[in-house]
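Next up, some structures in structure tokens.
The same chain A turns up in both complexes below, where it pairs with chain B and then with chain C.
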Partner chain A sequence: MFIHNFKYTLKTLFGNKILIFWTFAFPIIMATFFNLAFSNIENSEKLSIIDIAIVESEEFKNNEILKQSFEALSDEENEDRLFSLKYVQETTAKELLENGEITGYLKLDEDKPKIVIKSNGINESILKYVTEEITSTSKIVQDLANKKIVKESMQGKAQVDYEKIYKKALEIATKEDISFKNISNANLSYTMIEFYTLIAMTCLYGGILAMTAINNSLANMGNVGKRTAVAPISKGKLIISSVFASYITQLIGISLLFIYTIFILKVDYGNNLPLIVLLTLAGSLAGLSLGLVVATTLKTNENVKTGILLAVTMFGCFLSGMMGITMKYIVDTNVPIINKLNPASMITDGLYSLYYYDTFSRYYINVISLLIFSSIMIAISIIQLRKQKYETL
Partner chain B sequence: MKPNSYDIKRDIGVIFQEVAVFDELTVYENIDYFCGLYIKDKTTRKNYIEEAIKLVSLEDFKKFYPKQLSGGLLRRLNIACGIAHKPKLIFLDEPTVAVDPQSRNNILDGIKKLREAGATIVYTTHYMEEVEILCDRIIILDKGKILASGTADELKKKARIEEKVTVEVNNLKEEQIDKIRNLQNVEEVKYNVNNLIITYKQGENNLGELTNHLKKEEIKYNKIYSERPTLNDVFLELTGKELRD
Partner chain C sequence: MGYLSPIGIERKEMTVFKTFLKILNKNKFVVLLYTIILLVFGVFNMSTSENNTNFIAVKPDVLIINKDEEVGLTKNLIEYIKDNSNIIDIKLEEDSVNDALFYRDVNYIIYIPENYRQMILNGETPEIQIKSTGDYQSSYAEMLLSRYIKIQNIYLNEINSEVELIEKINNTLENQTQIEVTSKLDTNSLSKASFYYNFASYSILAGAIYVICLILSSFNEKSIRKRTIISSMNYKKHNRILLFSNGLFATFLWLFYVVISFIIVGKTMFSLARTNIYSKFIYIYNVCINNSIFNSNNNKQQKCNKWNSKCNSTRFKFFMWGICTSRMATKKCSNNSTHDTNILVHSNQRTNENNRRVQHRNFNACIY
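Then we have the complex of A and B:
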């Protein structure tokens, strides 16, 4: 009976064109629009290459960190390079600045980097900011190197390999630098933010599938429900089978969204795709359980229930940043409890955490939160279902 | 009966007034789904489905979706879904509402076949002529209360209507109607446009006495005929209603 009902629930769900539109086609259409709209914004916001000059000196040649960092940031083979760099004498640098051919120039004054600019603007700010970042990193490296030297001297080693220690320290600095760049890229990606909320929305839309599927088992929700209610079968088994079929349908829909965004829209979900899939499995379960609660607790017709479920889902996505990431920030700052209870926020937050953080603790907190949310919703649904008795059909 | 009285439920079939099928499944799939809730064995189920399809004459529509079916065919599918598992007790709630005469006859024939096969059928309807054709025992309900029960003949006797005579006659005067009202055994006289309807409580040769009276009073009529009362008359008599709610 389980397989019989499962098979036919799948058939009825896939045969329901309106349902398939909202759960399969609508997210794909939204993804296409997001891609068209936000990729243009991102392209327009890409930083133009800033022309700068560095005053050649022995001090600069000896300052490895500063030298390597600026060379890395102006590497012509790198598409995302920040600077176009020229090594010149100070007089030439002044001329170039006067003629407006460079944004500014850098020189070392008593081993301290000094930025010379003509006016204030975005490019000037970037040059100053990058220089300050490199300088502070350089100071950390120097401190690390000194500590290591002292430590090794105290251990009684006569020969200290300064070069090795220095390289090690430089490696640390380089890693820090890479990490910094990744985060700054993440901040710029509107498309990724929208795709995350889209995934959250698609997960939660699974609730409509679950609701439709179990309505056919509820005698107060329609004629088919009445007919199944008089059949010699366990209502529990019937509902579990229907819910399982709707979960599979939901996962097929999510998979199509991933396939479309990865292979057609060329969205890069990074190296954590298996974890993203795990999060969407938990998110879909949350959406499904939300649908169950709406189906079993509200005493109204199917159309009203669908409307309520869609409204709750959309509002949840809105709070989690679908119509602008600022909303998520406002909610997180002022009423964080809302986003702790909002499954859409749990999904988007889990996805952000994969993108932003090297550790997975925040990601797993979100996965566990989704599972707890689902468990509570399913428990409420079971209690409601056990309460239902029909005097007449 | 409890919700988990599966052995009892297995022998019951219910055909609801509203059509209860899946729009997304074909005729065959719909019957298979509902029959599958009762019959696990695939081979047995397949045979039962074919028999049900034959009973309601849907052989040519197996692969059709409900939206492709007419109202009558849809009602036949509704019946097939409720009886495919061969129940011993079948509840039918107004299965012929809003169907064409051809489908109606088909449905009634199907129900007769089920009865002949040994099923007990509880048939709810407002169409009294269907009750006369199908039912051995009848219960007349009004607002949830039993007004009368018994066979068709028993109910007709209870209603104390023996005969109904209709006379097609023009321009009948009020005093002429009053004289007819005072004839022996007359229960009620109604005159609508050109039809005079006389209901008799009891007695024999009521028609002969009436024709003699009309001749004596020199009332010319076009047509005169006598009918035995139908269950429809019984229903109206017992419920005291002119129109059905």
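Then we have the complex of A and C:
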């Protein structure tokens, strides 16, 4: 009987096209849209080469430090190239600025650099900052050279080699190569959270499958339920086989989503596949148990049950960052208890911790939380199912 | 033959239009609700800053984790970073710090090691660890830090006294370049306009979808649909009037939001010749939404007609088109703020962040 009901529940579920669309196809369509919408957002935030112009003048040609520094920063062979530089007349520079072809231009006004920009912005700030740094370097060179000259004069040297001192000072001022030890994790792509919430949504949407399967065994939900209720077979076996069939269907759906996002959309879930599978199994179980609770505790028609389940799922996904990734961070930092009880957040956070963290403690907390959540939900469902008696139908 | 109404529609046709208006009147609170949300968010966001036409350097969001005593050289470094960036205050637990970096609450984290000051004074080179999001704000923060350390290292070989060294570093860093801003447009007003139109697209989307769906589903109720089918009015004409009415509603909705923008943002809207691009895009966006909803709703009604079998695929195409164009429209809105007025996105990183978040929200709203 177990196999028989299992087989027919699978057939019923796969035969329900609307159900299969929402649990199988809808997440894949969503993933495609997410990929279309967010794939390039992070690349556009990286520092790109800034177009600038320098007004040609004798003053500039004579200012060695400024000239050499800007040329080095605009050198196409330089890995740390910051600027794309043009030497132009002032009128042309104004035109270029007006047309938005350059961020700003630099000119020398009584030997002091002056930057002309159109508006405030990060590129403008960087241009100003780099110019100030070059001027500072120039000041340092001057400072070091003067000190050396004074020192040599005081030592009573008859002839001071100004050029040599100047070159030495320039060498000191420019040789300093500062580097810091970057200890940030390489996996910093925040748009991944969108895909993780999608996995969470799909896991929880599985609840609809469980709900549909269980509804067929409930006498108050239709003729099939009535016939099943009067059949001389073990109700336990019937329910377990229905739930098992819906769990298998759910896992097939989520596997398709994983295959699609990993191989076609190139979503990064980290490198630990067995742990991802474990989390997915626990997440799907949470979705299934949520569906069971809604199916067994609410005495209403199927549409209302589906509506409530969808509303709970979507609200959970909203809090876990589906409609704006910062929402999860806001909830985590301000009201962490909400996301500790939210199964969508547990799944999202589990995948996030696998992707971002090297340690697994946070991941295991999420898996255990999901299992506890599922156990509580299943216990409530069992209690509700055992209590069911119908005086009239 | 009926007589012509003031807007040129025959009296018989006015029945459909009047019914449309009646149902619209019942649902006016939905539009008002979204408008109130827009105004609340808008005013909250817009009440923050004064007018500004001068240069203001962008400040990255930085977190300093200092393991050394905050005196002397260490204190000076922290003060320099504080002056040039927004210092973010969060819990200093490792997980909280890492989460803040991942969710871009902070762009750059500087770890000042233990005994940093003493090591510098001893002529050693302490290793400063950093964490960075890799975006332009973090690159800028790294430039700030490198400049300071570079100056410190150069003068360290020349000066032995800590006080003198600090003074020399600060003097060198004080150097300011003269800067001229050619645009006389108020950057804050432009940020406000950008924020408003980004959010307005969401309100328009939600308002239009909700109201038009409600109205069209009222027309599609089984009993009403049957009455419409047996009436003397041609179904094509009926649909045409409904489409026209939807268009009119969408236009008024758009006009309503544009007028509000003039009230909220103020005279900057008048002074910007190109800012009207905002309203154009938002209108195109609105039309797209309108079309896609109309198609998807009317499809049910039109199933009885032969030619409408084609509508199944058309509906899906329109739906997709609606989603894609709405995304393009919102994106274009923020792009315009960058390229056409050359101010908004780059003027204030926060604004850019907002744009991106609103874009996320709009796109998600579109799907749900």
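Methods note: the second predicted complex is superposed on the first by the 249 of 393 C-alpha atoms of A that agree within 3 Å, B and C clash if a C-alpha of one lies under 4 Å from a C-alpha of the other, contacts with A are read in each partner's own complex, and residues count from 1 in each chain.
By our rule, a contact is a pair of C-beta atoms (placed from the backbone, for glycine too) under 8 Å apart; a residue touches a chain by one contact, two chains touch by 3 or more.
Nothing here was measured: the structure is a model prediction, and the numbers come from that model.
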Touched partner set for A:Lys139, first chain B, second chain C, both or neither: second
Touched partner set for A:Tyr329, first chain B, second chain C, both or neither: second
Touching partner for A:Lys112 - first (chain B), second (chain C), both, neither: second
Chain B versus chain C as contact partner of A:Tyr8, first or second or both or neither: first
Broader residue contact with chain A after superposition on the shared chain, chain B or chain C: C
Touched partner set for A:Ile338, first chain B, second chain C, both or neither: neither
Chain B - residues contacting chain A, complex: 3-4, 6-7, 9-10, 12, 14, 16, 18-25, 29, 33-34, 36-38, 40, 81-82
Chain A-facing residues of chain C, complex: 52, 55-58, 90, 95-96, 98-105, 109, 111, 127-137, 139-140, 142-147, 149-151, 153-155, 157-158, 172-173, 175-183, 185, 187, 323-324, 327, 339, 341-343, 345-349, 356-357, 359-361, 363-365, 367-368
Contact footprint of chain B on chain A as seen in their complex: 1, 4-5, 8, 11-16, 216, 222-224, 226-228, 230-235, 393
Chain C contact footprint on chain A (complex, rising order): 30, 33, 36-38, 41-42, 45-48, 94, 97-98, 100, 109, 112-126, 128-133, 135-136, 139-140, 144, 147, 172-173, 176, 178, 180-185, 188, 190, 314, 322-326, 328-329, 332-333, 352, 356-357, 362
